[in-house]
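Beneath this line is the structure, given in structure tokens, with notes to follow.
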Amino acid sequence: MEERIIFAGFGGQGVLTMGLIITYAGMLEGKNVSWTPSYGPEMRGGTANCNVTVSDDEVGSPVIIEATSVVVMNRPSLDKYESYVIPGGKLFVNTSLVDRKPQRKDIEVYEVPANEIASELGNLKVANMVMLGAFVEATKVVKMETVLKALPEVFGKGKEHMMAINEEALEKGAELIINMVSTK
Amino acid sequence: MEERIIFAGFGGQGVLTMGLIITYAGMLEGKNVSWTPSYGPEMRGGTANCNVTVSDDEVGSPVIIEATSVVVMNRPSLDKYESYVIPGGKLFVNTSLVDRKPQRKDIEVYEVPANEIASELGNLKVANMVMLGAFVEATKVVKMETVLKALPEVFGKGKEHMMAINEEALEKGAELIINMVSTK
Amino acid sequence: MAVVFEKTKGLTDVPFSYCPGCTHGIIHRLVAEAMEELGVLDKAIGVASVGCSVFAYEFFNCDMQQAAHGRAPAVATGIKRVHPDKVVFTYQGDGDLAAIGTAEIVHAAARGENITVIFVNNANYGMTGGQMAPTTLIGQETLTTPYGRKAEVNGYPIRMSEMLSTLEGVAYIERTAVYDVKHVIQAKKAIKNAFLAQIQKKGFSMIEVLSTCPTNWGMTPVEALKWVKDQMEPYYPLGVYKNTLEEVK
Amino acid sequence: MAVVFEKTKGLTDVPFSYCPGCTHGIIHRLVAEAMEELGVLDKAIGVASVGCSVFAYEFFNCDMQQAAHGRAPAVATGIKRVHPDKVVFTYQGDGDLAAIGTAEIVHAAARGENITVIFVNNANYGMTGGQMAPTTLIGQETLTTPYGRKAEVNGYPIRMSEMLSTLEGVAYIERTAVYDVKHVIQAKKAIKNAFLAQIQKKGFSMIEVLSTCPTNWGMTPVEALKWVKDQMEPYYPLGVYKNTLEEVK
Amino acid sequence: MAKVLMKGNEALAEAAIQAGCRHYFGYPITPQNEVTAYMAKRMPEVGGVFLQAESEVSAINMVYGAGGAGARVMTSTSSPGLSLMQEGISYLAGAQVPCVIVNIMRGGPGLGDIQGAQGDYFQSTKGGGHGDYKLIVLAPSTIQEMADLVQEAFDIADEYRNPVVILGDGMLGQMMEPVDFENVKKTKRNLPEKTWATTGRGNREHRNVINSLYIDPPVLEKHNYVLFEKYKRAEQNEVRYEMVNCDDAEVILVAYGTMARVAKNVMNIARREGHKVGLIRPISLWPFPKEPFKKTVDQVKGYLVVEMSMGQMVEDVQLATECKKPVHFYGRPAGMIPEPSVMLEKIKQIAGGAR
Amino acid sequence: MAKVLMKGNEALAEAAIQAGCRHYFGYPITPQNEVTAYMAKRMPEVGGVFLQAESEVSAINMVYGAGGAGARVMTSTSSPGLSLMQEGISYLAGAQVPCVIVNIMRGGPGLGDIQGAQGDYFQSTKGGGHGDYKLIVLAPSTIQEMADLVQEAFDIADEYRNPVVILGDGMLGQMMEPVDFENVKKTKRNLPEKTWATTGRGNREHRNVINSLYIDPPVLEKHNYVLFEKYKRAEQNEVRYEMVNCDDAEVILVAYGTMARVAKNVMNIARREGHKVGLIRPISLWPFPKEPFKKTVDQVKGYLVVEMSMGQMVEDVQLATECKKPVHFYGRPAGMIPEPSVMLEKIKQIAGGAR
Amino acid sequence: MAKVIFNEDLCKGCELCVNACPKKIIEMDMSKINVKGYYPATVKSENMDKCIGCAFCAMMCPDTVITVIK
Amino acid sequence: MAKVIFNEDLCKGCELCVNACPKKIIEMDMSKINVKGYYPATVKSENMDKCIGCAFCAMMCPDTVITVIK
């Protein structure tokens, strides 16, 4: 098993964190993992992304060109990364901020109105957690319970008050996929 | 014809100038010439030397290991350079400041009490010119008349008042050799 | 209706790459307006340094060179010695000018090099994520002074305007700020004076501008302005440190 | 009969490599005597710079490092941060300290680096044959100012003691000379004070000594002393520029 | 201590501290800023010294002072910064001062960009500074290896009294992988005491002097030979490399650092497609590993050197193969990753006999 | 103008002025001080600018400014100084600023000594600075050639918008030989106008910008390819070398600069003793001349590379010969001259079939 | 009568203009996000006539968003 | 009664001691050249008793040639 995932969006949408949580959870599950962020001045109000690999084997290239999954939180990221998904791979689209449909037909597309759900939860900042919940449910790259264990490690001290809402957001995202699949 | 000459002595004895005059004269006679000085902090009250090549052909190595002639103005220079003379080559020793005899038997040795002659002429500073006169007379590397032409070029402006004594010193040195040969 | 205020021709159409509320943008505008108003845009040659303002070569509407970190004064010297009648200026951050570029700025000043230096002091290295600069205040937390700058370890913030004003080659040095309109207006006047000193061939001129770095200071842009006023200005007093200008009308 | 004066233990037996009458030799002796008298020879670590005094590592009778041109204050900083209780000093010429090493000396001073700097100002680059230094006087002829130093081209001589004294990290700075016995005695006192500042952990200390370069100035050693007094001293006033020393008996 | 997820830059810094490094001098530059920041935080905790220098020039000279005074000392920078250190590096090598220098490479020349690249191979392995000297250059390709090699680097530096360079790139510096610090080898070398260090004379009989000046040419020449004797020892004892799937390989990829990871991927794909492809990964870039080429040169059809540069290590591969088999090159500069599809294509061509 | 007797350093400086160089920035260092001193004297006479910078770091950046502003500009230094210029040199190459950089090499590493040596070959030809770039490197071996090549260097720099290095050594700098400035070739190239220079915008439509920053990796990559296209042109057009007695040679000496003069002597001695010995003297060290090796590799028994270093150019010779024939090396560092007797001995061994 | 015009797409929502306006008529338009992803500054049309054309806003704007006419 | 002793072979003949001596008793010995090639400084024995042991000469000597006893 080797999952190669790209998370992409605006700086500030928490895409690096999403990747980090998956990476951390993968490590907790004894997998080989690697997380590579974009960096530099383009981060300043620009776009951000990270490449995450979770694998049973040694991790090869940290840079992902052929992704098993891609998660896009905004429109420019869809434009840039749609082509990176391997045939049969998964593409997660934050429909709240993306105003077009993906064009690929050879991949599984998951449409998640992450911002809307987050705003229903009362905090726009957890849109990434909503998306992450959906992602974990759909890909099973790691177990949801491991994700919950990873959360406090990644957020560190001082964010304890955010745990409840983060977990709720993850659940909401996961639910969306469960419903999606059952209605399919 | 290729003459490879080393001039060596204390800094301040004018050995670089001796070499320069021969080099200049060689150039005036249409020869290929090259002059390479020692340089750096060892010059500060230390020893100085220069390597001069006067040749019909292109000048090869500017650094002389096998000298056709060596001119030593002090004792340390004799110690260092005696071995550089090729068999059959010439060694000029300033006996005023060198308190030992050369050991080589396979070369021609010219003993020139340059400082004494210079002091007889009333100026210790022209010891180098005495030696140069001897050298030119003995080696005929260049013609004495060319040396006389080279003098003002090498000394430059402001040294005109020294010309007469310089020429006298050259003559004295040359005479010494002429007498030496005739008495041999 | 007449235009009271519009974007100066001294700037290109390229939008600034600075963070929201970063006063690099204000200072850029002032420099550009000063050049436009003095009518020197067509003979100006600017030197961008390495720092957040590295892209200044895209923003100023004149010929530009991008210099290695800290070396803008040397690059400007090279340019000025080729074109003594052109107007040559550098735009440098405090890391660039007061750390790695110390020798270059001191000697450009000592030589009385006839150039104008715009020195943007934001008390840290913005571009690289907020490390200590020589101008970082005692106690200030940065990436490389996580426990606050300590005098025993890191020494004391350097007041460049004061230090450089001891040099004879200096024609004009003033320290300004841009935390409110009044100071923005004064800063522009200062920048114009600095260019005038160059035009009058008086020698080296420098305007230090206290600037913000809301991103790395962890403040809102408005809070950052207040921090300049409350924290920086007391250590870095504003004012003219050297002036050999002839009076102009 | 008692010995009134003999060679200090602070110097090795290696004869100096300086030109006849060069006052580098006097200054060496004063530094060595100061260390001997303060009893710090066994814990002193000196840094030789690049210049005529590059061989200082052969002369001072203590551990020594030879630093790259201009970088002695950085090297000394490295040493001092490893051995904060040892006595660390640099010995630098004016080319070394005031030209290529400007950034290093300014920042060592600004950091209040607890080291002692002996700064030998002989108004030119002796080692390389007498080129202009930042300290070369206006009008002075050198290899690289064959028509005399001109302010318009080469700028103005830098007064390092004055400039560095504007920095807060500085504990002690004094400018001295060695052109006669009285000044030699004062220079030694100054050098001792500088070491004391270090021993008292006060911060950065520097003694500037006006020195001669008879060889490159084209003067006899005695004429050279007079030139220091008549030409250099007026531009480089002697005296204490900064002093935070506690009084010692 | 369990595995921890860390950025390469941070793992490197932590490993240095665990290796006994207590003195760090550096100057910020992307993409190695995390080293500096980590040191700023950790050094005070372990009673060590973190000092931000006023420039890379100063930093490397502080390293000289501290290393000469006997400390385990490190600096880190990225490409332009390393260029500024060249004089200091030549001095360190000349005066035989041990230290560890980290270069987290980015795209060049000049200001270039800030993405990970491999354009500084020549600078580190051939000599960016003046004069005849050698640096020992180690190139990790995982975060774990970054930690492991740093420990090793300090030991090698001390054993040989020579600067050791860790040559990484922006990608390695920025990425996170789990690291096991238990794993970091504890020193096994019998390191000599630093009796040469300038610690203040104390009761020592002789003065210690750190110096690279030998004004008399024959003396300097002797010193040069002393250095090269040492380098010869390093060539015998400090060669490091990894060989994967080389036993039956017809085509061998040669790559180091981040690039080797990409190459390994491509090798696996090619194997799956039925091509006999192997990988040689030099870990020590100087001394360059010649053995793996000696061992394989008779059997292979050719080598494909891949670099994140316009081609630098390729020359050492040509020399190591003694030109007995074709050495092909594919690389991209500027922080661009050479494309696996192109690599595959080239592998097929070489397998097919392309020269 | 007749022949004049001049030091190499002075001839170089005079030739630069005759080539139209009117801006010189430099910092004193032995053994090139005569360049600086000469410029200080002559530049004011011709209305040019001589400026003594505060350091080599500043000097090279002044060169950047002046070259970017359109001037013919030069700096000169010796080994440690060139190390300090590496960042600036990488910027000059990256921003395509033409200039001439003179390195009158001395013994290293570190402070070393001040005798002429050849230990900076790698630094100049492979890249002492960071990133992928090339300098065009010319190595004169007589004073006349120092003058000739300087003229050429300015033209090449302008044609390619690239820094050109004159790599001499202390001996060449200090020695005197007659020079004929009539002889110095006047430019024959069709040099493009410097429309890219920052001269102030004036009436120009566009702004001129001198820059090496391309923050977006694909853009930097493209820029890298532009540079390497240029380098390829240089490899085609700017190769220079001298071949002596190679037609029937069984053993060929390879040497550049001062060393080539010594080698020529030895060749003559060997010929007199009946050995068929030739000499290849690379004049352009980059681009390195491969042709003379292609032409001779089949006929010779082997090459003997002699350098005043521990062996640097020898690698380029190995690459150029494609390892078809043994490449032997003999060198001495620190400013010591390799001994003719040893060279002769080696020649005989190679002629005798030694590998 | 004065008027301020915002080149909205350049606005980074820093609020320095809001802070500078003596008439306190500038506010952030939370109803839209510009191309850069920020809520841009604006003066509601009903407040525009309070503008005195002092250009304080423009002088403090770091991104040359504002033109003032009078 | 004081006395100065010259470590003659270290002397470089710079005459700074000559210049410094208040008693003007130091002179250059033109009758010999030392190992360094200089005429060394000396005090003629007939003048030694004029020495007051002030050590001015020693303090000005750059080459630590002079020892003073009293």
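Observations on the model:
For clarity, chains are labelled A, B, C, D, E, F, G and H in written order, and residue numbers in each chain start from 1.
The criterion applied here is as follows: a residue touches a chain if its C-beta (ideal position, glycine included) is under 8 Å from a C-beta of that chain, and two chains touch if they have at least 3 such contacts.
Note that the structure is a prediction, hence the values are computed from the model and not measured.
Hopping across touching chains, the smallest step count from chain A to chain E is 1. With D-F and D-E as the two chain pairs, more C-beta contacts join D-E. Remark: chain E and chain H have CA centroids separated by 60 Å (rounded to whole angstrom).
Computed centre separation for the pair chain C/chain F is 39 angstrom, with centres defined by C-alpha atoms. Note: centroid distance chain A to chain F, computed from Cα atoms, is 55 Å. Chain C and chain D have centres, each the mean of its CA atoms, that are 34 Å apart. Of all residues in chain F, those that touch two or more other chains are 30, 51, 54-55, 57, 80, 87, 91, 95, 110-111, 113-115, 211-213, 215. Residues of chain C in contact with at least two other chains: 18-20, 54, 66, 68, 99-100, 102-103, 106-107, 127, 134, 154. For chain B, residues that reach two or more other chains under the stated contact definition are 40-41, 45. Per the touch definition, chain F reaches chain B in the complex via residues 3, 5, 30-31, 113-115, 142, 170-171, 174-178, 258, 261-262, 264-265, 268, 337, 339-340. If you check the complex, the residues on chain A that touch chain E are 20, 23-24, 27, 32-37, 39-41, 58-63, 65.
If you check the complex, the residues on chain D that touch chain F are 50, 54, 66, 68-70, 95, 99-100, 102, 125, 127-129, 131-132, 134, 143-147, 153-154. Against chain C, the residues of chain F that register as touching in their complex are 23, 25, 49, 51, 53-55, 57-59, 61-71, 73, 87-88, 91, 95, 198-203, 207-213. Across the complex, chain D is touched by residues 99-103, 106-107, 110-113, 134, 151-152, 154-156, 158-159, 162-163, 166-169 of chain C.
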